[in-house]
Amino acid sequence: MLYVQDGDLVIPGQLMGEKIRHDINCFHEGDKVFSSVRGIVRVEDNRVRVIPSSGGYVPREGDLVIGVITNILPGRWSVNIRSPYLCTLRGEEVTRDPLGVDLSRYFKIGDRISAKISMVDEVHSCQITGPWKLEGGIIIDVDPKRIPRVVGRRRSMLNIIKEKTGCKIVVGQNGWIWIKDKQTEFAIKTIKRIEREAQTQGLTDRIIKMLDKELSIKL
Amino acid sequence: MEIEACLRKDYITNLVREGKRLDGRRFDEYRNIEIEKNYVGEKACGSALVRLGETKVLVGVSLNVGEPYPDAPEEGVMTVSAELRPMASPSFEAGPPGEEAIEVARVVDRGIRESGAIEMEKLFIEEGKVWIVFVDIHVLDQEGNMIDASGIASIAALLNTRMPRYEDDQIIRGEWSGKLPISCVPVPCTSVKIDDSILIDPSLDEEYAMDARLTVVTTDTINAMQKGGQGALKEDEILSAIDLSFDKGNEIRKLIQGP
Amino acid sequence: MAKEDIELIKNGKRLDGRKFDELREIKIEVGVLSRAMGSAYIEWGKNKVIAAVYGPRELHPKYLRDPRRAHLRCIYNLAPFSVEDRKRPGPDRRSVEISKVSSDALSSVVMLEKYPNTVIDIFIEILQADAGTRCAGLNAASVALADAGIPMRDIVSSCAAGKVNGEIVLDLMKEEDNLGECDLPVAIIPRKKEVVLLQMDGKLTREEFKKAYELAVDGAMRVYKMQKEALISSVNDVIIGE
């Protein structure tokens, strides 16, 4: 028995159904299924889940994230990936002899990198792999829970922004986005608007309209 | 380690080199300023909420009767305190005011005190009794330039401060007898130096990118100044910050005094 | 003057014209601060309160870390200018107590087990106080938690009832709180109607308590509807002009 529809907005503790299958951001007590966050209901194949409208980042294996090197320790770096948990990058990622060489030759404190999360343990501490140094450009903050909207289905939204602005953009699942090249400020403005209006209808059309309008003024 | 500085500092510095700011402002342009006087008008004697861009500061003024300072027995007393509430920034902590809060309070205090904005001699009640004016600055959202937001909110709050009725040695709360006498409107204007350029009203990101900061509080003269930040300033930079502060101070004063 | 001599109720109406079971006017806004991860503003009669949430974030000092769950830390603070006689800045015994019972109340709904070793900070700032600030603060805090996207089993909703001139009434304002016979703030988990905060001072018989308690729970349920509406509309009302 389902009490909500696809697209409904719910709040924490709201009853969504009884004896139904449920997925992320839901919990059940007996047969009753509730939402644990504020967000939009998705119903697919009679399974209910909730897309949260906001929230912090908790590391997940396979996520591409952007981080800042905060410390150099024997054989490894610690990296801030905007989560409350420890994140380390092993020296082996770049050298065969991590204890023998000066690791700051590769990444210094304050350097910004993108990398993939390779492992998360039971208390959410994680390791990252495949570090790539992000030179120049700017990193902006976006609510991590709104990142899927910035990327869009099959990267559609991100491709539109990249194409129209000509910027290089790397989107970290942790809510940090790296942007470089000429129309950076314009890309920032666009992304901030997507963040603000993440859970509204017709967003893609509004964004395309905005991009075309502003670009035609510039040309 | 301030992560924010690593994210945007270099970009902002390069942008300034090209004569631009991240939010599209000119170097001599303030963010939008909104002043809501009497924001907490039921209990406080005076108050104002200032939104400077996304920075939000609430100031409340309370009046009490107390003893004057021995060296000015016929004058009222003013104290300014600032609290950087932990809700305002992830880097603010609960607890007694730290040095940053004390700096904000003291710069605002000096501007008001030295300009003679409050007519202290009119706050004399009788021998050994004067009005004590408490100006409490509450920073609620720190997105840069707390000093200007605090100073603007303080003088705006003082301008709409009512004097409580005082009879038979007692303050009658909720009843009023006129307004706090104010003679002028000191306005703090803060500029920062980034890559040898002077920019007014720094955003939070610009504060992370700045070499040095200069606050100039003006009326028709300069009333207080405060240099901050670890970098150094040259004479011509100081002079241009002063000119800018007079100009912008006049504009903001009109906003504070209202229509 | 003896308490009983003051007429707080005239012709079945209260000083501000309310009926016995009537709430003061309430307005809730969501996402009012820029830096905080979640925030809410509530105006409740003459009360003006902001709540903000940071976290889950790293907890210092380390010895407070719990590998099984997050630590929830609520700080209730009265601004110096929130009351007529200026309050000295900093925590006093009253605000420390309110901070503690509020932390406990909110901990009962937040899924702390999802964020081991971290802290969730909640700051409640009373900008203007007129009786009922702890209820207003809790209501704002639970909305701010939901705004911050922190998983919860429910919202916490809170309201007080009390006894004034011998009558059981809902939601005491300042004069009634000062001169009335009893104040009973209650916070509940709406969907179970279970109590997560209850304090009382004054004099009540068992029957009076039952009546006051039911009135307070009914008030909290009405507040819950407003919290829900504020949270939903904060997501819906964001489209800016073209």
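Chains: A, B and C, in written order; residue numbering restarts at 1 for each.
The rule we apply is simple: a residue touches a chain if its C-beta (ideal position, glycine included) is under 8 Å from a C-beta of that chain, and two chains touch if they have at least 3 such contacts.
The shown structure was predicted, so the numbers you read here are calculated from the model rather than taken from an experiment.
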Query raised in the report: Does A-B or A-C have more contacting C-beta pairs?
Result: A-C
**Report entry** Farthest-lying chain, centroid of Cα atoms versus that of chain B
**Finding:** A
Query raised in the report: What whole-Å value do you get for the distance between chain A and chain C if each is reduced to the mean of its CA atoms?
Result: 33
Report task. Measure off the straight-line distance from the CA centroid of chain A to the CA centroid of chain B, and report it in whole Å. Result -> 38
Query raised in the report: Of all residues in chain C, which are in touch with two or more distinct other chains?
Result: 57
Report task. Would you please write down the residue numbers of chain B that are in contact with two or more other chains? Result -> none
**Report entry** Contact footprint of chain A on chain C as seen in their complex
**Finding:** 37-38, 55-59, 67, 109, 111, 114-118, 146-155, 189-191, 227-228, 231-232, 235-236, 238-240, 242
Query - Residues of chain A touching chain C in the complex - result: 9, 11-15, 25, 27, 34, 36-40, 52-56, 58, 84-85, 123-124, 143, 145, 193, 196-197, 199-200, 206, 209-210
Report task. Provide the residue numbers of chain C that touch chain B in the complex, in ascending order. Result -> 33-36, 39, 46, 48, 50-52, 54, 57, 75, 77, 79-86, 89-90, 121, 123, 125, 127-130
Report summary line: The answer for chain B against chain C in the complex is residues 39-40, 42-44, 47, 54, 56, 58, 60-62, 64, 81, 83, 85-90, 94, 96-97, 134, 136, 138, 140-143, 173-174
Query raised in the report: Which of the residues in chain A end up touching chain B in this complex?
Result: 68, 70, 80, 109-110, 112, 136-141, 176, 184-185, 188
